[in-house]
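Each structure below is given as structure tokens.
In the two assemblies presented below, subunit A is common to both, partnered first by subunit B and then by subunit C.
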Partner chain A sequence: MEGTNFIQTFIKWLASFEPRVLILAASSLGAGLAMIAGIGPGIGQGYAAGKGAEAVSLNPKGSKQVTMVMLLGAAVAETSGILALVVALILLYGNPLVTAQGAGIILAASAIGAGFSMIAGIGPGIGQGYAAGKSTEAVGRRPRLQSSIVRTMFLGQAVAQTTGIYALIIALVLMFANPLTKLL
Partner chain B sequence: MGETSQLQFKIIKLSVVILLLLIVVSILFFNNPMVWVYGYLFGGLIGILNFMLLARTIEKAMKMVPSRAQMYASANYFIRFSIMALVLIVSLKADYINTLATLIGLLLIKFVILVTNLFSDKEYYKRIFKRKEE
Partner chain C sequence: MEPITGRALILACSAIGAGLAMIAGIGPGIGQGYAAGKGAEGVGRQPEAQGDIIRTMLLGAAVAETTGIYGLIVALILLFANPLIGLL
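Now for the complex of A and B:
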């Protein structure tokens, strides 16, 4: 029962604050959580660059093709980082929850939830970078198949991006049209 | 611009064309078009500059030892990430710039890359659904 007591005490403690204060504090947490997704493209692009450099060292003649594939792959791999950035900055500078109607604690939880959901952006970031890295490796080995490899890479990257977009949709729903606030 | 200059030029050219189209559409159909126009211009131009910066980073990274290239590319990604954060903060703070238009401008290059490379060859899709025995 001690655990329940702690939870009750914690909720009572939270309820002692004004709803607006709770929402603002939760938004700060949410923004910080969303930014964790920025790690993904960083790791992914780093991996791709490492593989690209390896491919060039193995086949210096194919350097131009490897660099081109790498550039295209790395540019796409950045997308989930930008999406996470957008959610974090909306929570900080254009937060719709501050003026929203509803129970303060639900709105505060929505802000944290929006940030949490954007952590999913790590997956597409790393995955797309991995695809870019493997493609540069493949082009280094067989430069003649460049166009086929690039197209396959983009197909994979586009599919990998979908989970990041789902996360963005959930984050935006939590911020702008949370259905749970209407259930009270 | 180095080894990838032609590719960069091709992608940037297409992005500018789409950007101009978006600007024309917003001038014709929106009530307060200048807010959108500024957003597209701001986001689009920074997106293009970011792409050029990425190209420079990659061209340099390709000449490095793999482990160093990895570090260099990751570090430069965070620099570009900070630039984008700054751009989005400015567009959120400034009333005369539409944030959605800025975001569209920033992501336009990625969209152009995906579309031009994915849908450029119909034969590729035909091959996916073709049976091997045929």
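Now for the complex of A and C:
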């Protein structure tokens, strides 16, 4: 069977490197994977921007109020992107896996896993941006109801954030309190 | 085939990582396109408010751009100021 199974060959090839090399290589992959989360806030905030433009066209006098609600909602939608950026920067500049004890292949895979985990940020980004857009639309239509509209928006956005926080927790556990290395 | 050094593997993975980071560009593209569409729709409906509409649209689109910029920064760090090589 020697050399016929691609996965076996690949694992053997990986094992020919020092553990530190594997961890550092995997960390660069993880940093890249984490940044994929940027898709979410990009779509969501763009939706909010579009709804803002629409609301101003329907109610030009409420331009300032509409813009403020749009920016408020977009700021919340940004959080998942920032969390992904933080995880990527930790992997690049404060990597705890390099000095961690344990099998190199597990620590390397943990870096990639932390990056994959942060991709979940796409969801909250899109969802919160949608909420921001709809709130902007509503404030443009009924400016006097601004405070209750914004309160409802924040409440919904907080719930939408939960899965992003779960992803962040898993990424941080993989990096800082990895339970897998102790199981070997 | 010549043997692959550890340094080469890290650099190769950095290239892949830089490419993966730029996938984030999907989001701002979709979002800003939607904003541009709605902006055009708004100007068509209310031409005299064009200045206000474009200002709101550009402000929102600038916010939507941020995550694309983050992806670009991480990619540029991986390419030009790779901190992982120094850790080897």
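Criterion: the second predicted complex is superposed on the first by the 180 of 184 C-alpha atoms of A that agree within 3 Å, B and C clash if a C-alpha of one lies under 4 Å from a C-alpha of the other, contacts with A are read in each partner's own complex, and residues count from 1 in each chain.
What we mean here is this: a contact is a pair of C-beta atoms (placed from the backbone, for glycine too) under 8 Å apart; a residue touches a chain by one contact, two chains touch by 3 or more.
For clarity, every value in this text was computed on a predicted model and none was experimentally measured.
When both complexes are overlaid on chain A, the residue A:63 reaches subunit B and subunit C alike.
Of the two partners subunit B and subunit C, it is C that touches the larger number of subunit A residues. Of the two partner chains placed by superposition, A:175 touches none, neither subunit B nor subunit C. When the two structures are aligned on the shared chain, A:17 is found in touch with subunit C, with no touch to subunit B.
In the superposed model, A:71 makes contact with both subunit B and subunit C.
Of the two partner chains placed by superposition, subunit B and subunit C are both touched by A:52. Of the two partner chains placed by superposition, only subunit C is touched by A:33; subunit B is not. When both complexes are overlaid on chain A, the residue A:167 reaches neither subunit B nor subunit C.
In the superposition on chain A, A:151 makes contact with subunit B only, while subunit C stays out of contact range. By the touch criterion defined above, A:138 reaches neither subunit B nor subunit C. In the superposition on chain A, the residues of subunit A touched by subunit B in one structure and by subunit C in the other are 38, 41-43, 45-54, 56-57, 63, 66-67, 70-71, 74-75, 78, 81, 85, 89, 93.
The residues of subunit A lying in touch with subunit C in their complex are 17-18, 20-22, 24-33, 35-58, 60, 63, 66-67, 70-71, 74-75, 78, 81, 84-85, 88-89, 92-93, 95, 98, 115, 122, 125, 129.
Of all residues in subunit C, only 6-7, 9-10, 12-14, 16-39, 41-43, 45-46, 48-49, 52-57, 59-61, 63-68, 70-71, 74-75, 77-78, 82-85, 87-88 touch subunit A in the complex they form. Remark: subunit B residues 3-4, 7-8, 51, 54-55, 58-59, 61-74, 77-78, 80-81, 84-85, 88-89, 92-93, 99, 103, 106-107, 109-110, 113-114, 117-118, 120-121, 124 touch subunit A in the complex.
Of all residues in subunit A, only 38, 41-43, 45-54, 56-57, 63-64, 66-68, 70-72, 74-76, 78-79, 81-82, 85-86, 89-90, 93-94, 147-148, 150-151, 154-155, 157-158 touch subunit B in the complex they form.
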